[in-house]
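First, the structure itself, so that you have it in front of you.
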Amino acid sequence: MVRYEIRIAGFGGQGVITLSKMITMASAIYEGLAATQTEAYSASARGGKCWAEVVVDLDKDAKIIDYPKALSPYDFLIILSAESAKDVKKAHLKTDENTGFLLWDPTTITKFGAAKRVKSLSIPVQKLALEKFGNIVFGNSILFGAFTVLAGIFSEESALETMKRFVPSSTLEANIEAFELGKQEAQEYLKQLKEGGS
Amino acid sequence: MSGIAPMFPNEKPEHPYLQQSYGGKVFGNFASLFCGGCGYGIIGQIFTRIFEDEKLDPKLHPTVIGIGCYSQIMLLVHEAAQKVLALHGRAPAVATGMKMANPKMKPIVFSGDGDCLGIGGNHFIHICRRNVDCLIMIFNNSIYAMTGGQGAPTTLYGAKSTTTPYTMFENRTDGVKLALAAGAPYVARTTVAHPRTLMKYFRKALRHKGTSVIEIITPCVTYFGRKNLSNLGEEYKGEKGEKMDTGGKMIDWIKRNSVRINQAKFMTDEELFNKYIIGEFRYEPKPEYSDEYAKIQKIAMGGK
Amino acid sequence: MSSSSDKRFLPEGRHLLMGNIAMVEGAISAGLTFFGGYPITPSTEAIEHLAKRLPEIGGCCMQMEDELASINSVIGASLVGAKSMTATSGPGLSLMTETISMAANLEIPFVFCDVQRTGPGTGLVTEPHHNDLGLMRFSGNGEFQVIAIAPMNCQELFDLTITAFNYAETYRCPVFLMSDAYLGHLHEVVNIPPKEEILKRVIKRESPEDAPARVFSYKDRETGEYVIPKPPIMGTDYCPGLFIHLPHGPEGLPTPKPMEFMEMMIEKIKSNIDKITMVDKYKLEDAEIVIIAYGLPVRTSYRAVEIARQEGIKVGLLRLITVWPFPDELVKEVVKDAKAVIVPELNYTGIIAEQVQRVTKLTTPIIKIGKVAEFHHPDDILKVIKEVAK
């Protein structure tokens, strides 16, 4: 049992739930790992506080996730709104090598104190998506690209297969472009991290 | 003495529909469990008669019976009819399920005033709104008779019952108005004192596709008639009333207290207070629910 | 019609499904053609998904005006031969109990999916709470037995829904599927078997060729066994003239012996308890401490047992898949030599713990681990195991 705990928080309508489902599908369907996804939101379905949790068992032989809620400290946090950023503390993330990442969006979060003290990558996804692709929905693909590289729990092929299932075929190309963008950001960050560390 | 028919023939002619009734088939006689003067016998007999004469297919006309005195009508109705006793007030919902699970069917619902306008009011409104193909008969005796004569939502103003010992002061529900507002395409009201009209409406409702509502005013001598005077009703207040303790007196009162719909048009609300307006209120065919659902199924199957 | 029958089954293979959707897909595979429901959190995904799926296969999904109407329409549809079910939560179950007792009397088969939420009253609508079993097993007035099945993951929500439909057809009693708010909203992988395999499992609703007069269950006087005929279908020849929910005989006519009828209602299920009971015995052979659990806590119990075994504590798990009728004899046998019994349940009272107490006649110490609106972490159970083992 090697649990990989992921938590994504933001507000409704940002694609929090979709992103969590994409991560679950890539790991569960295309990688064949045991995974669970749960979600929760406040009364306002659009604009209210919203979060999703994914638990992936990296052990190939695992059949079932015994405790389907993600537990702190997390392996991966994606924070997309200022309100959720307030709750994040350093202790919420694992400190081991190659895990304990925080991914956040400076377009929506102006001040993020905890981010300075952990392995964090900020990508202005909403801004980028709007500028480059004309619609903030592409932000999801950017995040998914960054997640794929940083977490490394599923292969890029699995990620691309998942994208095909989630995005309409007419925008698939643009979404893959967005995915690549996120991937590059993450790869650069990993490089920096390596250089900084050594 | 020859040539003169005996005054009391030894052999009574058999009732023409005895063998068709459920009780007749099982017990060999009309095993009616109703009190003397009750109108349900008339309704049961009319049902059997139409069922037989129209040669209705019992497999396509499941009969859903609600809870009330009239539940015993199952002994009088046609023996071939497949009858199911529903819960109190839920008969329209059961009929909806039947119709939608087997759209070839046209369920016939027997329900009372307490059943359909009291506890099951919501189901009644919504079956009318959906326009599910079925025939709903509301037997209105303006009292909860099976439980011993408590006030019903249809009890007339000023009437006495066991729960309104100082006379009824609540406003009454009008089943017809409710059905009209809910959108039932065929709505009529008649009384057991007008059996021919009842049969006419019944036949018409069977041929009509959609929710048909027929409210039938029927006497309850035991719990309504015995406790109320025949001057019940605004117009007759001045008259000297007498206890309506026989079926005849109640039928008489029902006849007097009913106003034909054409006449009612020229009458004021005050004049119509506590009256039963009888006649056909609406007959406008409109899209039926299972037909509409079949279209949805076609779209869902990709047929368009 | 070939297209509609193809659509009945999900393609074979791995699917990522939400619990509620896995449940209704299982129902569709089992031959569901009528669903009557009323939206209630946390079961709404069931009716939403069926509103889309059932018309595709020529079935009907109806959003009724209230819960009473939902369950009554389900009864009506089942009477005319459609496999039918409803899905609701605790407050809905409370409203539907009257009809459940009527359906039990008339032996109308249907499946009841209860996505349990925290009560009483409105409670916490999105949190799990296994509090409805008390209501399920005595749902409605009168005496009758129900069957309650508790899945623990999305795969089982699919598989056990098919089993639930088969139980309803075979035993003709209300069959409850005990999901909960957490399980219903959980996304997990569901392995869909090939459709031939599913079809092999499913018991069809058909009226027998030569319709017997006895359409309701009865006790065979010669063998003493309970005979449960196939459910009658209105609109066919295999139907009594009268469905009347009084104590009735096998032909459907009122019986002068209500006691015999009650006996039949209870014993037709109890005499088949061995066939109905599904359990999983996990490392029970030499267990000194026995955990008895159902539903979600089973997941964490498996882990707790594993960790405790690694530390040398002899602990085993009895998982109840069929929670009701409670398998008295089986539990008695399992806990016979146990030092203690631990019952983790998602409620405070310990509904199953009470049953274990009844069965063991209070000779074995029983430790309840209650949780409400959240569920047990393996450590919660492990802590108790260690305390007991000391």
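We just call them A, B and C in the order they show up, numbering each chain from 1.
As a working rule, a residue touches a chain if its C-beta (ideal position, glycine included) is under 8 Å from a C-beta of that chain, and two chains touch if they have at least 3 such contacts.
All values reported here derive from a predicted model rather than from experimental measurement.
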Measuring from the mean of all protein Cα atoms shown, which chain centre lies nearest? C
Would you say B-C or A-C is joined by more C-beta pairs in contact? B-C
Round to the nearest whole Å and give the separation of the Cα centres of chain A and chain B. 65
Averaging C-alpha coordinates per chain, one finds the centres of chain A and chain C separated by a number of Å equal to 37
Let me have the rounded angstrom distance from the C-alpha centre of chain B over to the C-alpha centre of chain C, please. 40
Interface with chain B, chain C side, in the complex: residues 3-4, 7, 33-34, 36, 52, 55-56, 58, 60, 62, 64-66, 68-70, 72-82, 84, 98-99, 102, 234-236, 239, 241-245
Could you pull out which chain A residues touch chain C in their complex? 1, 21, 24-25, 28-29, 32, 34-40, 64-68, 71
Footprint of chain C on chain B - complex, ascending: 22, 59-60, 62, 64, 74, 79-87, 90, 93-102, 104-105, 122-123, 125-126, 293, 296-297, 299-302
Going by the contact rule set out above, which residues of chain C touch chain A in the complex? 14-16, 126, 153, 182, 185-189, 299-300, 302-303, 375, 377-378
